[in-house]
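Naming follows writing order (A, B and C), and every chain is counted from residue 1.
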């Protein structure tokens, strides 16, 4: 079902076209998505549709390994959810059984589960649904002085309902998740790093290179082991340790059945590479050289 | 069932009276609870009874939005559990089925679930059950030089059994939770911030204003969205992501059915406030101005 | 079934002998395990067998309270999993039902559950399975300049499958767990402390004393309360809060039925020690003096 092949194979490169709210660029296994819609990158019907279509393609694409989400807007990464959609929300208190997932929840969850490594490169505001989209990505890096995030929903009379209430304490402790969601105030990049909602705060002139280096590194690894890693980590926190370990074992064979792992281990073992202390010192580079074995 | 109305409405203000171990003060949606009992604020039968009564009232009160817990004792926030109660604990190793919740567990859990935002303002020691009570609150702020916490139970021959063993790793990583609980040593405010058991360490002359500003901000938000936020966040870590998202959707409609949210969104949309970059820059203040729409 | 008695009783001291990959030293309730195997402390069949035998003995030993794991190798704590074993892994994608736990998973999980407090004293590299073994311990301390960790599995074509994918986000937030596992790069001691995968980064000339002080403190506490604390904390994150609290209550009586806790509380209560503010100030030392009551 996965017709697209490796970049080098060049046969079936997935097409990323027809989006209204962002542009895309493909290069060596990295897809860069640049939000660029209206004055503030509002998160409305168009962006939801685009993100859903993007996820649909990513799910079928094995040549793209990493997706970087950035913004063309100098001040805003992705804006909050469109009031044009919010104003029509139901005011009927449904039962737990009748509660259906919301559109933004569905889209963010689908983005969260794509087989690629996803990176939010945050060089502007990300508030409300914009921040919830960032939380649905695997990793987040933010530029000092430019980045601010806020969950303002409690102040409007609701709660973060694009997965934000569910995902916040999966990044930081319960107390800090509650402070973020109950205070409805701006947090800057350093506060976000201290709380752990982002991986790292970086200077504005360094974030580009940092994310680029990381994306290029991951993009050289096998698509199926990237996916297996993601799936196992996400499953791990939703399960007791015994079941998490079983899921880990399951994903191992999903990977070995599709990647050159065993071939790589066999060659390494034949040459007894592990016994050489010099190799042990240089694992950071060695892991990249291994990519030549396919 | 919720007879108390908004402060401004002024009709039914919940009465907080008849407590032995703390005094209370109500002001503009904020209830300040000041522990003041004996020489060390011991956590005995009287305090448990008072906290239970307090929770009972808070559960029925919709005019109080925030509860700040502080101490009149210059050195101790809340002391450990009373040895007068500890000495009579059972020494029979009951089965898992027969294990009943302990009094301190019940009280802390009830405090944890009140519909208000709860803040521990920690300007003295909080050890054993005192620290477990702090962990049952939504947020914790501590004064440098004055605050120390310890879970000394392992050294006595038991474990933190007022929810402390259960809640510690919900605030910090597993390794740090184990170090705290197995080392039975004092940790200061900066260590607590680094580990994440408190939200933030503050200078003794700044903690008052910091907590006051936070409490006043939250107290202006709708009671029902504060409750919905709390409930969704606490549920989120006890459930797999799919179920957490459903709970989030459930709480959304619990909020929209009782708050002025839709009215606020409709007005914002009518004026297309979101499209103005100046509004996006000023969300930190804007969210407070929104409170005028009811 | 637990024939070994307290050190001081001296009757049945568990023998730790017959290991190929590490040496052991017993002193006052502390067992020090020093990895010393070949040029790089490879994690192969011999080490797995040794760790399994070690766990078997620890499970039956009540005189040992703390186990410190260190390395005689100046550069490596424990190396990654042996390619000699990796090269023979199955490439058949089994179903979730048929996925069995892997040997390294089983051994790490067994080490994780021993009744003693376990400490990884990391003064060299810990990568792949070596790092996963460290993650299976209760606490981790690392020496600046000497320690590096990496999960390189994604780059080989697999995932961390010695419990690493399952345990990473139990120590740090989801985003940072994913960065560690997807980037397959070296992280140093300060990065590890910031992410929370270790408890603390220390100077190379200070880590010895720090770990020693901690181990000696814990080793004075009752064996059964150490075990109860561990079990309750590990269970807590695998269960909803209501069930975690019940487990906490269960472990309380497991402890009181076997430790001198009630005797200690009774004496403390008789003397009303808690009412004296001087005692409250000195809890850090007081908890050690309590150990004289048995």
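Operating definition for what follows: contacts are C-beta pairs under 8 Å (C-beta built on N, C-alpha and C of every residue); 3 or more make two chains touch, one makes a residue touch a chain.
Just so we're on the same page, UniProt names per chain: A, B, C = Enoyl-CoA hydratase/carnithine racemase.
Keep in mind the model is a prediction, meaning the values are calculated, not measured.
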Given over half shared residue numbers means same and under half means different, the chain A/chain B interface is different
To bring the C-alpha trace of chain B onto its twin chain C, one rotates it, in degrees rounded to the nearest 5, by 120
Separation of the C-alpha centres, chain A versus chain B, in whole Å, is 31
Among chain A residues, those touching two or more other chains are 167, 170, 172, 234, 239
Counting only contacts in the complex, chain C reaches chain B at residues 117, 138-140, 167, 170-172, 196-199, 214, 217-218, 220-222, 224-226, 228-230, 232-234, 236-237, 239-242, 244-262, 264-266, 268-269, 273-277, 280-281, 283-284, 287-288, 290-291
In the complex, chain A touches chain B at residues 38-40, 42, 75-76, 79-80, 82-84, 86-87, 89-96, 99-102, 105, 109, 125, 127, 150, 152-161, 163, 165-170, 172-179, 181-186, 234, 238-239
